[in-house]
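These are the structures, in structure tokens.
Two complexes are shown next, each including chain A; its partner changes from chain B in the first to chain C in the second.
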Partner chain A sequence: MSRFLTLLFVCSLALTGFAQEDADRLTGVWEPSHGKAKIKIDKIGEKYYGKIVWLKQPIDPETNEPKVDKNNPDEKMRSNPLRGYRILKDFEYTDKDVWTEGTIYDPENGNTYSCTIKMTDENTLDIRGYIGVSTFGRTDIWKRLKMPSKK
Partner chain B sequence: MRRPSLPKLRTGAAVAALSCFTIVTAFAQVDSTYSEEDEEDYSLYDDLEYVDEGTKRFANAKIKGLSPAQFISVGYDFQGPHQLTAAAFGDGLYQEETADINAAHGLRVGANIPVYSKNSLIVQVGGQFWDVNYDIDREAGGDNPLVNALQNNGLRTVGLNSTIYKPLNEYSFILVQLQADMNGDWAIPDFQGLQYTRYSGAALWGRRPKDNLQWGVGVARTYRAGELNYVPIVMYNWTSLKSKWGCEVLFPARGHMRYTFNPRNMLLMGFALEGGSYRIGNQGNALADPYDELEIRRGELRFRANYQRQLIGFFWMSLEAGYRVNYSFNVDSVPDGQDFSRYFILDEPLTMENALTNPFYVNFSINFVSP
Partner chain C sequence: MTRILSTLSTALIILSLTSCGASEQQSSSIEVNTTAEGPFFMGANSLIADYEVSLDNLIEGRSIKAEEIHSIQLSGVSVTLDDDSLTLADMNSVTLQLVGKDAPMTTVAVRNPISEGGQSTTLVASDEADLTPYFKDSKFTFVLDLDFKDDAYVDQVNASVKVDLTISLK
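Take a look at the complex of A and B:
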């Protein structure tokens, strides 16, 4: 009996480890289909967050200064730089290559949408931002980029 | 050395525990929009290669700064006082009548649901219901069948539509719109026969060379001028670099200049051409053969100012006011719904050539939008 329980315990630990590995495949640097930004997804605590690490046009042509979050509905946030901004927040791994419960922020209009992430293969994500229910949304395809090596 | 008393020890432990808890809680809550530890060398991300194959880029369906697309809209339209002169017809059978329309008003509901929405293809399916009720003062003895139909039944539209957006590559796209409408003086649940359904559509090829510019050319089969027409169409959407000014044009259906106070608050000024072919259902057999298959060719130009602003979240309001200019309120005989087009040149005689004066109007709606 005690051997059986030990085996069960070891198996459950192994399964947890595999699930964790599955979930962590989301981390890395990704490029949205428009190619105007690169997003780095990290794990913080038990959740996943993605921040802007590169912008194709980092300078605002209107101000000639680095782009800031000028469309944010919160006035206090409008002077914050876009680079480094966390646009993906609070994603949790469910199963079957899907991360849910998160949000995605669109700096172009200052709106935050509900979001689910589905990994269609190791290097491709379907990012679906939506309003209320998934029907009112749009899916964008992101591609994985090679992680940079430290200089 | 004096040893601390027990109560002091307890207090110290409690403070330490509380501090630890606070620190742990602070680390656990990752609500910050920024990475606090952010001392990242962002130059590392300048030249990264794809692990696998790269992204296939497609022209986005929108450009920056456009007024929000409406998923669901519920509104009310109100036209002020104007006058209708309904022509005599039927070789003296039906007499001319001039009626004062105190108001033409009604509910407008629309929905546009994306059933497939990826960056490589967007398919939307929608529906609409428009109602126009006429409040009319008539001359004593007036009995023109057109005025009777408007006064007793009003006009109604129920329709289905679909929009397909297919980007061909990063800069080019095709847009196709299809619509089927049942227009007439019918009442729920006594709909008119399906042979009176009017089909319209448009196909357009376009380019989106920049994030702030989108244009296209195409053709449309349309009832916007009242009767069936085939017309060339031009799309031109543009937003200034500072995102304050812009234009949204789909000529000849509509054209607006846009001023954006902020992304949640904007004013549009321009025109819209709106209309359809409405069957008069001959209720009570008031119309004698061969005048019992009539359709009102309603087309009107609306010069307007439209103010849109966010209420809460994705719910916006739209307040519109303007001047409605009559383009056509004539009547054709369309037996069995077998419609025809004059193609601008065919000299098919009208059954009734009516005159409609022009009122001011307002329209208010609450919309569930995609900004």
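Take a look at the complex of A and C:
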């Protein structure tokens, strides 16, 4: 009986480990379809967050300064730099390659949308932003940025 | 008669509005030590600290319960780098975010650009951020993003974050 319980315990630990590995596949650097930014997804605590690490046009032509979050609804937070800004927040892994409960922020209009991430293959994400129910939303396809292999 | 009814209803509205509001304000400060291990690369690097909520010690000389809290707002945020190996002149900007198990990550204060060097700076605190959900949990996390101008090959960076709070009680 004790042998059975030990086996059960070991199996449950292994399953938890696999689930964790599955969830962590989301981490890495990703490029949205518009190609104007690159987003690095990290894990903080048990949730996943994505911040802008690269901008095609990092300088605001109006100010000639690095771009800031000028459309943020909170006026006092508008000096926040866009490079480094977390646009994906609070994602939790469910299962079947889906991360939910998160939000995506669009710096171009200052709006935050509910969001679901689905990994369709190791290097492709379907990012679906929506208001209310996910039926009414828009899906963007992000590609994993691969590091050039060193020779 | 219409006039009396109108006055009465106005009085009732005012009464109900004021009864929903806070009846007492208290000030408090908390300090946490955030940390991250290097090396650090150009761009935003996150220093993290978990904060255990203790409502018994939040207001000096007084224990409060979660249900007594009407709102908790920021009144000031300051950041001090604890090591001499780096100064604020090495950073473009500093951003503070909070995140809890059941409370979403929120940006609550920012300093951009950093005009001074040295080890300490104050951040511009959000007027709108309501910190109440974080304090109603047993713990939450401080995420301090330091935007490095260049790569920094140091083992660790520590920064203390002092947060001044205005606590409105029911």
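General remarks:
Here is the rule we use: the second predicted complex is superposed on the first by the 146 of 151 C-alpha atoms of A that agree within 3 Å, B and C clash if a C-alpha of one lies under 4 Å from a C-alpha of the other, contacts with A are read in each partner's own complex, and residues count from 1 in each chain.
Operating definition for what follows: contacts are C-beta pairs under 8 Å (C-beta built on N, C-alpha and C of every residue); 3 or more make two chains touch, one makes a residue touch a chain.
Computed from a predicted structure; not experimentally measured.
Using the contact criterion defined above for the overlaid structures, shared-chain residue A:R83 touches chain B and also reaches chain C. The partner of chain A that touches more of its residues, comparing chain B with chain C, is B. Within the superposed three-chain model, A:G45 lies in touch with chain B and with chain C [touch as defined at top].
Once the two complexes are laid over each other on the shared chain, residue contacts for A:T27 go to neither chain B nor chain C.
Once chain A of one complex is fitted onto chain A of the other, the partner contacts of A:T103 are limited to chain C, with no touch recorded for chain B.
When the shared chain is aligned, chain C comes close enough to touch A:P66, but chain B does not.
When the shared chain is aligned, chain B and chain C each come close enough to touch A:V53. Touched by chain B in one complex and by chain C in the other are residues 42, 44-45, 47, 49, 51, 53, 77, 80, 83-84, 86, 89-90 of chain A. Chain B meets chain A in the complex at residues 27-28, 30, 32-35, 38, 40-46, 48-58, 60, 64, 71, 113-115, 117-120, 122, 241-242, 262-264, 313-314, 368, 370-371.
By the touch criterion stated above, chain A contacts chain C in their complex at residues 42, 44-47, 49, 51, 53, 66, 68, 74, 76-77, 79-81, 83-84, 86, 89-90, 103. Every residue of chain C that touches chain A in the complex is listed here, in rising order: 43-44, 46, 48, 92-93, 95, 97, 99, 101, 104-105, 107, 110, 112, 124-129, 141, 143, 145, 147.
Those residues of chain A that touch chain B in the complex are listed here as 29, 31-35, 38, 40, 42, 44-45, 47, 49, 51, 53-54, 61-62, 71, 73, 77, 80, 83-86, 89-90, 108-111, 121-124, 131-132, 135-146, 148-151.
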